[in-house]
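Shared between the two complexes below is subunit A, which pairs with subunit B and subunit C, respectively.
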Partner chain A sequence: MRSASDPASLRAARWGLLAVAAALVFTFPVLAPNAYILSAGVVVANYAVLATSWNFMGGFTGYISLGHAAYFGLGAYGTGLLVTKADVPSFLALVLSGAIVAVLAVPIGIAALRVRGASFVIVSIALVLILLLVFQSWSSFTGGSNGLNVPRPFPDLLRPEHHLVFYYLFAGLLCLALLTWWAVDRSRFGMGLKAIREDEDKAQSLGVPTFLYKLVAFVVSATFTALGGGLYALWFGDLDPIFQFSILVGSYMVLMALLGGIRNLFGPLVGAVIVGSALEYFKLEFGDTQFHLVAAGLLLALVVLFMPDGVLPFIGDQLRRLGPGQSSIREVSAGELLEQNASRGDLPGQGDGVEGRAAPAPSEVTR
Partner chain B sequence: MTSPHLVFQSLVLGVLLGGLYALLAAGLTLYFGVMRVVMIAHSAFLILAAYLAWWFHDRTGIDPLLSLAVTVPLFFVAGVLMQRLLIRRLSPVTLTMMSVLLTFAIALVIEGLLGYVFSGTQRRVQLGYSGSSFEVLGARVAVVKLIAFGLAVVALLGLYLLLKRSRLGQALRATIQHRDAAALVGIDTDRVAGYGFGLGLATAAVGGTALALDSTIYPSLHWHWIGPLMAIIVVGGLGSVPGAAIAAMALGILQSLLQLEMGTTWAQTVFYVALFATLMVRPQGFFGGRLAQRF
Partner chain C sequence: MSAGQLSAEAVAGRAVEPGLQATGLTKSYGGVCAVNDASVTFHHGRVNALIGPNGSGKTTFFNCATGMIRPDSGQVTYRGRDITRWAPHRVAAAGIGRSFQLCRVFPRMTVLENVLVAARARSLRTLLGGAYDRELVDRARGWLARVGLDHVEALEARNLSYGQQKLLELAGVLMADPETILLDEPAGGVNPALIGRIGTLVRELNAEGKTFLIVEHNMEMVMSLSDHVVVFDRGRPIAEGPPWSVQADPRVLEAYLGV
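For the complex of A and B:
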């Protein structure tokens, strides 16, 4: 938003940071000391894909879905069932199941997007619960609670090599999702979606085809989530309805995206790295106890209460505070200032004359 | 294939189950009415109350019904505090969305703590009259189910009288109908909303004790309750207490009847089918008015 004093150097710094981050992502398998850390890296990469996919819906349109685990599970089971029941080659099965979920998401989206806000969240939760019931009960087809074994795509690879290959596959899918998000973010379509997020009724009255836009965003989001799920199925090789259609997975996606910042391209990725590592740590430290639930719940509550915009914007604000151009001398005219104050409503009638004495501290200005 | 005798039996069971659903859905409706908050943690508090009843019985050997004397006031206070300290901190613009996430987080914490403290083992209250039942017109009714139903009915009746007859009830209904207008005529809507929250949680306390009487409980059980309850309040129309009660009865009976043909797991899907059908046909629900339109 704010144009910095030296845009060229800022852009260079941003590209540099991006390059360093990308280099870190791609050299991680080499740096990882053992196979366990590498497999944890795969899990985090998977979470990053899921959270970024979620953000197509949550970030652009502001429709918070707690039930994206439904598409994760459908993608995973679609891939697994195509491989085991129809003998489709693994990666063709992955693409096919992504396509199937995309088709399924259309009627689901039409039903779910008829309502807003809280009802939408209810519907999204209901979807996961219904799919959990169906996949558990229909055991002749899905294997039910006994699980479904998906054969590995590369049977002759050793376990660490298997993790390595899938780490890069997940990273590739993540890049694809991020690129798509970036492209949408800059497009007219993305502008329409953001208008829906800010005020749906106004967007509609200005001629944005809100329902169609929402539906497309919903389908794209579901498809990417399904691809993440399918890749998970090929990597992990063992599916169970309880874990695939788990509200918890859906809530992790929301937590990661919110924590990182849903308005930022890399927000969900950052959130996934933080939450994903924390979850792995909790599993390692506290084992099978329910403690990770408490931790996830507390973290989600803290984010919702204190950082609803996410950690990236929060840090950005802090950095901006250190940067130049933050003196108490204002670069606005008296008229603009009056307007700002009126819209903020907390400093009534402060004109130019009294500013010298009553200027608020710089920290207040940045808020 | 199904004898009329069996149908009547499940009809009776459906009514008994519907009563409990109705009480819990009424609580959810209250939260939504006073604060426009969808309280995902409602069923988690339900299970918490059930655990407290079980624990109380396990420790003292006294009838778990008596734990109501402690849990109902405790939950009422917890509800008021929750509204005061947590829900009210959220910005009003994004209240509906963020409160869903916040209450979801509370549900996770409660589930996690229950699992941590009481372990994931399935628990069940064993009482002298647990196994006893009697016959009404050929249908066999377990005593504990009847007690649970009785509790639900008494609590619902109390809630109804409170809403219709008392000054607080009048204030509550005014706040539900139109918050700003209620504030204009001198109602302290903030305080009333807190009491609404407390009453909602109190229904969870009653429901939980009733639940503990005749079911096996475990920490993640609340997910099996929240789905049907959410479906009920959407079908009934968000914010309408009678709508929620009617939808709860209808769906409870339907579920019980479908169990005969389809088995318990598939019968549960009736709630979700009803939910999606409602959204397709009447997104605002069958009994809700203006309130539900935009949520």
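For the complex of A and C:
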């Protein structure tokens, strides 16, 4: 079991780190020197929500969707249109558009999840492109390329205060997404999803209703992404199909999650902080050039080359290696493994009962 | 209980309850008929073996029976229930567990998790409940101890040897608590000591009430273990019966030697 195999000191360190990180997240607006940095913080928080939402699908089931911007855009436009066309109160519109995307995700999921691997990636991209065209062309309803103005939910607030409120709203949504991911991770449902990631056919032969599991994960993932999009619409106040339904936003979610580590609860969050800050920095430094894209590409290449499991697992391995006396745990059990193998090979007649095997005392050390 | 005794009883006319049954099962790939109008009955409560030369359609038959492949035509029933074209997870829920020819485990999950995956959740509450609940972990550890892998439960499955992965796969199948277990070449690529161990396990589990259907090339294992043997050639059964009678059947010799 994972928690049992981790040494206690490492677990304590992890809790400590978590507390420090949480404190940092919640005091960031106070520490931020100006409104610009604060707004960059909101952008990063938004990315963190999106990447964590993406990871319900990508992390658990291993289905890599490059088109999650579709749900980001639908959530944003759903919220914006409900506010502007139907006069729905801002935050009710946000929840409603989340619900609408959840419902839409069911047929989309049923269609898209019939294929695996590269085909799934292509299908996911196709959906974004279709939505982009629809939202651009249907300008009488969506405002097309002229954009859609979404009135602010708190018209009395000054700009820095507006950023402050939305920073905490995004942080709250992020907490909700992380809690849900954590709950799924430790449930039997999550175990089934991870089995799908490892070997879908094998999981199904063991009785996991794979299609239903994937569909539920897909809907949850799309819904959280849509809530992130809706909150973005209320914060930014101006929507344009070219940004809402962009392959780039979808790719960022993937990049962030992969960079941080998709098997890790906090992986996408860490990835979002790294990539998000880097993107903001490069935009500031190099202006409106495409250099930030080159930087993002380089980052991805570095991660794939040196940390294929992501930053968090990489750091975890390094810590474990540094930790006193802890490096031996794995090696001991691997050594024992060989020993056991050898002794089994020598004793062909020992399969005569469970009692006969109750002897392997050294293995107790590993646990 | 020796295999010989059981077969003798079967021959003496002891009632045989049909378990997994196929009628007119056909599956072709392009022009090649992998399973060709095969009708077979496997006996419930026994150790059944399915043998035949390479390419005789054993694994395809296996896959059709467990829903991994859709047959072109024909019918599969399990204890009288029509399970033709059922999805694999429904077949599993009906009480049939299976292993794979080239052993398949979840490589990046721990040995313990590999077994826990197979715990069936019967309600939404258990589904959302903890995967590491005490009762489940105890049960999983029980099966790991049974196959002799309890000392490596915290390792990722990819770190195990091939033979150990076979045992792990079996432990996973057992965790799902099937009444019938299909093993596709359990002795393939495994050292003789481990073959003996797997054989002993099969015999013990059969005594505890599990039905087995084993596809195997290792004749020694088949002959010592099984109560009922079905021989496949070119996609259909050509002979069946207790091991000793099948062994002497001229059609079987011909199929194997290609005379």
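The rule we apply is simple: the second predicted complex is superposed on the first by the 314 of 367 C-alpha atoms of A that agree within 3 Å, B and C clash if a C-alpha of one lies under 4 Å from a C-alpha of the other, contacts with A are read in each partner's own complex, and residues count from 1 in each chain.
Keep in mind that, in the parts below, contacts are C-beta pairs under 8 Å (C-beta built on N, C-alpha and C of every residue); 3 or more make two chains touch, one makes a residue touch a chain.
Here the structure is a predicted model, which means the values were calculated and not measured.
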{"item": "Contacts of A:E198 with subunit B and subunit C, given as first, second, both or neither", "value": "second"}
{"item": "Touching partner for A:P209 - first (subunit B), second (subunit C), both, neither", "value": "second"}
{"item": "Partner chain in contact with A:P308 - subunit B first, subunit C second, else both or neither", "value": "first"}
{"item": "Touching partner for A:A112 - first (subunit B), second (subunit C), both, neither", "value": "first"}
{"item": "Partner chain in contact with A:S187 - subunit B first, subunit C second, else both or neither", "value": "second"}
{"item": "List of subunit B residues in touch with subunit A within their complex", "value": "32, 36-38, 40, 86, 89-91, 94, 96-98, 100-102, 104-109, 111-116, 120, 219, 223, 226-227, 230-231, 234, 238, 263, 265-266, 268-269, 271-272, 275-276, 279-280, 283, 292, 294-295"}
{"item": "Touching residues (chain side subunit A, partner subunit B) in the complex", "value": "62, 64, 66, 111-112, 114-119, 121-123, 125-127, 129-130, 133-134, 136-137, 247-248, 251, 254, 258, 289-298, 300-301, 304-305, 308"}
{"item": "Subunit C residues touching subunit A - in the complex, by the definition given at the top", "value": "66, 68, 87-89, 91-93, 97-98, 100, 104-110, 112-113, 116-121, 126-132, 137, 145-146, 148, 150-155, 159-161, 164, 172-173, 176, 191-194, 196-197, 199-201"}
{"item": "Touch list for subunit A against partner subunit C, complex", "value": "1-2, 4-5, 183, 186-192, 194-195, 198-199, 201-211, 263, 333-334, 336-337, 340-341, 344-352, 354, 357, 360, 363, 366-367"}
